[in-house]
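So that you can tell them apart, the chains are marked A, B, C, D, E and F in the order they are listed, and the count of residues begins at 1 in each.
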């Protein structure tokens, strides 16, 4: 009966540990949140299934080349794009090709909210450092507060590759949970009167402005923060393809096939990188806690800065401070949350368009922050 | 006139051998079967043209970096995805995103036919070993009987990369020739009465079952055979993207752009890998003969097991043994062959849906077999 | 205030040079020509934005891995496909899948014009050599006269990688400027009577011819010039996918998603490879001048050869020498220019279809030339 | 009668072959093959039972939930409903109607595809390459 | 009144916190964070002013060009035009009409999407895999 | 008359330039260039003859097959057919009709594309990104 024992030894049942089971359940929960609750399914379903793939127990000494950390395995080759930070700029290319920046251009003072929400990044950076993480690790953890998955993966691939799994999962989980995390904070920091503020309709944006924005906005932001070049370069390039009016076929491919392929590969490999042995650590727990705090600080930062700006604005020109919450990016979920909370207090208040401005500004803001941290810490 | 001689030396006419001509004709035949006879054109046309590309004679000492086995050539870079087994899981991702497993779920006892047909793999494994191939090589040759191109390429890339060209061409050729190979065997092993058996209409499958199947089916099969992880992981992942209902855009890209791009690259490089010098050997001949036998055994295995199952089934619940032939996979060709042969004896007998169950089960069955061989032999 | 100085040091303002500014303006001009003037926007917009990305000043010693020539940067990974000549054959695959060769098949004597225009390649090759470039460099520079971006990138990646940026930009710029460069030359070398020549309507081409052409045309041309294998192999493979009638889904993906993705990546990385420090040299200037001359010679060559052929042709069968200008390839711009100039002298003269023949023949002709130069010089 | 016999004979033969392979223990190839095919069977049988279990669970949970809801509201109506439960013929009729409907839709789709094919002419004048590289406006 | 006060207080607090961080010069982390957020602000404020400048430039250049053209033709008509310039209400009415039109179009598009969804049946008979691998004609 | 002259002169000039290049045998660059362009010519001339041969073969095989079929059936009808072979004008008329038809189809396609463009509004409300990340249902 030697052969029976040998076959058993190769099977998953022989190598399974509690760690595997916990992670398989966690993967199942991600999939459930994505499919059952419809929280960002395009991210959570691939990541969740990736967690299943990455946590199937097997005899590692057999050299079958199937684990994501085994040289020569398929998952290892695909993971390369995460590890080297190649996928995030490609995703930004697609996001650029599908984002309409006119919300930002039509009411440019709201971009400041997108900047203010980045306070979450830097306060978490300080907090992580205080908790004993190195400055490199702290920078990578802080970026979770940017509420932008690709930016988080890009920065952690450069600063702290060993923490990338936990950081990426935290960033994407909290992005998915924005509708759960943000509303209580939004209600805590605003009065009912403030939540009912109606804002002026936005002006129309000209085509020339839309074409010039990705070019000049790109040069300005990367001159200030060259570290953001890979992310902002692709974001604005994608947007130029969209707005130029003569490269529509490239923009279409960038925002469809290209971003879909990269999303599938990124999601499944990030999920699979959470192998129980490397993932179930004290550090991961800290990262999750810090990430949650980071999100809350970012939300508060946006709201409070909106209130601060209101001090200087005339009565008929005031900002509804709920819009500040959209500054965390997590496009377009947080803008939708703003619209939803606003509508709870005044059904006729249509905040979505106003929230989109800080929302896309938040994407640029986090990329700039990532560039700063990359330059200063690396 | 030195320069004339030099130019001549670089031309293909100076380097051509009988091997090149034979392989060019073989490539032409593949293209003819694909276009003229419409046998699996999506596979045979790229493979056939690849055989032309791979067998254009040239002066190898010129260092032009154009041969598939020359470092730094484009074909060499693209071939990397075959050599490292990267393309097959990506193709399985696309197949998962286009396969409807409800045929399997609606009449689950037919999955056993998909298992029985894998006997072809293991008997060929024994046969190849008896013919003098090493156990690693025998495993890779045996998998031809799985009637699944990507599985064959994946396993041979791990067990016997030096035989991959012959194995891949054999697997794809016989898959294309399924409508020629199977019908005589189907008629040989069945009585006319059996061929006329009508089966009960299948039950409807619920959406929840369809969503749970890729998750639970995946965990179960890879716990039993972890070596199948790269293939089954991607297959079931693609299927979850399809069935979840919330990730349709990812599933659409996986079953269109992604699988098409990978099919083109895989087909043309597999074809090109059949360079006369490495391909026209005694081993290749053996592989082709063993592959043909393997297909026949697999078909017989499925049919005979259906007859064996009928011994235990009530009269009104019997299986039409023709369905057993669909167990070899070669989706969906063999299922169509079943439908066609069945209709020859009773035009009102609609077997296609019943044959799809063993058909897709055959895909899973071969992947599990590949995983077992990988674990035990590697 | 140390930290302020440090932050300043990392910013682009601290590292900017006149070279950066010149190149940023050049990038802006490319984008303007693409969007404002609609000169080949699908090439000039990605290249132009790439020039912006590649010329953002930053502190190179910071090790941020953001420059295209820095190991481990995203742009460096994407540039790999240019540097190793991988993208050009993939673009040729897509071009093959969108090109209709029936214009060439219906009036095959016009293919000679596509051959004659390649004189530009070889005369520039001589000229570059006379100017002091090595024979390898001269070959790479000469290919600019082929008026085919992918061919130029492919050959320069093999012969003179250090000049690739300048060669690629020159090739694509002049391709975009075909409507500016060609008309004066066309008018210079033709009489008004010649420009008014009307040509016979073309014959219908049978499907069998269209299917056989990519197969036999491929074998013939690469037997003569095996160095063109990677380019012509993919070009004719793409065309077979298109014409076979049974692989339409593969052809569709090749001419849409695949070529778009590769065009985006190729354009942006070629643009970014023009970093001021490596690009603003005397060599680049020479390359641009030689490229312009090359284009003019190629155009003249095609026209004069048409006139030469007319000496041997009967009155009612004469070629309109304007069609010779389409022999430079630059598909389909130069064919459109021919149509346009022809229509200036006789509004009822429809030359476009006749110009498409030499136009696609020019693509084959430049690839064959590239193969010859690769074989002889490497 | 003879079928039961055949049935037993084949079962016995199966296990005999199993035993023979076991005897020949030194020849690993045979054992791998034998256990290989058994494991393949096992995994697919596993799927079979797994999916039956799930199907049963879904049915059961739905039935239970339905029961709870109904019980809360109106006990009478449940009984009524039970009496009026559609018989198997009605179900089949409805489902075949749905099937016909779907089939009709499919044909409609095919018609659209055919139209698309017709209106996509492949001449050099309309080939996609023309739309890829444009002639400038000013001419 | 009290608002102006609050305004000044908050401004002062901001600079005080700034100063405190500066004091604590040895702790790089704090300084990086402070200047980090300031630079983020700076870059987005930069975008703000940049885009306002561009908007202004576009408007100005257009206005200038328009003026030049008109001046050449008819001085009287310019005055007329100025008098007849549509008031803000008219502009709003027109733009909302356009918006409604677009919205209607959007709904139309959605309707099309719904139809597409309906006519794409996912049964094994129509699944795309069937169209991928064909049975030869001669059978 | 003078044309025949020109023809010969140009041919001679061509071979003279060829000879000159040959003389200068030590300079490889010239020879490579000369033979390079000749080989390019050769390959495209090769394609020319190849394709003519194929066209002829297709025509011939079709003609032969047609002939065989016809011969078997009715010799008289072949002659009739020859007499009734449509003249070139008829062929042109038919082909131009087909061309018009195709053109019409193309315009139809363009019309569809235009409609698609109109009904795809690029506002933040309809941008594809909104459909990428959804807000949960329960709110």
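The working rule: a contact is a pair of C-beta atoms (placed from the backbone, for glycine too) under 8 Å apart; a residue touches a chain by one contact, two chains touch by 3 or more.
Small disclaimer: the values here were computed from a predicted structure and weren't measured.
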| item | value |
| --- | --- |
| Chain-contact steps, minimal, separating chain E from chain A | 1 |
| Listed pair (B-D, C-E or A-E) duplicating the B-F contact set, over half by residue number | C-E |
| Distance-maximising chain from chain B - centres being C-alpha averages | E |
| B-D compared against C-E, more contacting pairs | B-D |
| Most remote chain, CA-based centroid, reference being chain C | D |
| Centre distance in Å when chain B and chain C are each reduced to the mean of their C-alpha atoms | 40 |
| Whole-Å separation of chain centres (CA-atom averages), chain C against chain F | 20 |
| Computed distance of Cα centres, chain F from chain A, in Å | 51 |
| Geometric centre distance via CA averages, chain D-chain A, whole Å | 37 |
| Two or more partner chains touched - positions in chain B | 7, 38, 41-42, 224-225, 246, 249, 256-257, 372, 376 |
| Sites on chain D at which at least two other chains make contact | 28, 32, 39, 123, 132, 134 |
| Parts of chain A lying in touch with chain D, wherever the complex brings them together | 2-4, 7, 246, 249 |
| Residue numbers on chain B that touch chain A, as the complex places them | 84-86, 89, 93, 158, 211, 215, 218-219, 222-227, 229-230, 233, 236-237, 240-241, 244-247, 249-250, 252-254, 256-258, 372, 374-376, 378 |
| Chain A partner contacts - residues on chain E that touch it in the complex | 3, 6-7, 10, 28-30, 32-34, 36-37, 39-48, 50-52, 54-55, 58, 95 |
| Chain A partner contacts - residues on chain C that touch it in the complex | 6-7, 10-13, 15-16, 24, 28, 31, 34-35, 38, 41-42, 45-46, 49, 52-53, 56-59, 62-66, 72-75, 77-78, 256-257, 260-261, 263-264, 268 |
| Contacting residues of chain C [partner chain F, same complex] | 105, 108-109, 111-112, 114-116, 118-119, 121-123, 125-126, 129, 135, 138, 201, 204, 206, 208-209, 212-213, 216-217, 220-221, 224-225, 308, 311-312, 361, 364-365, 368-369, 372-373, 376-377 |
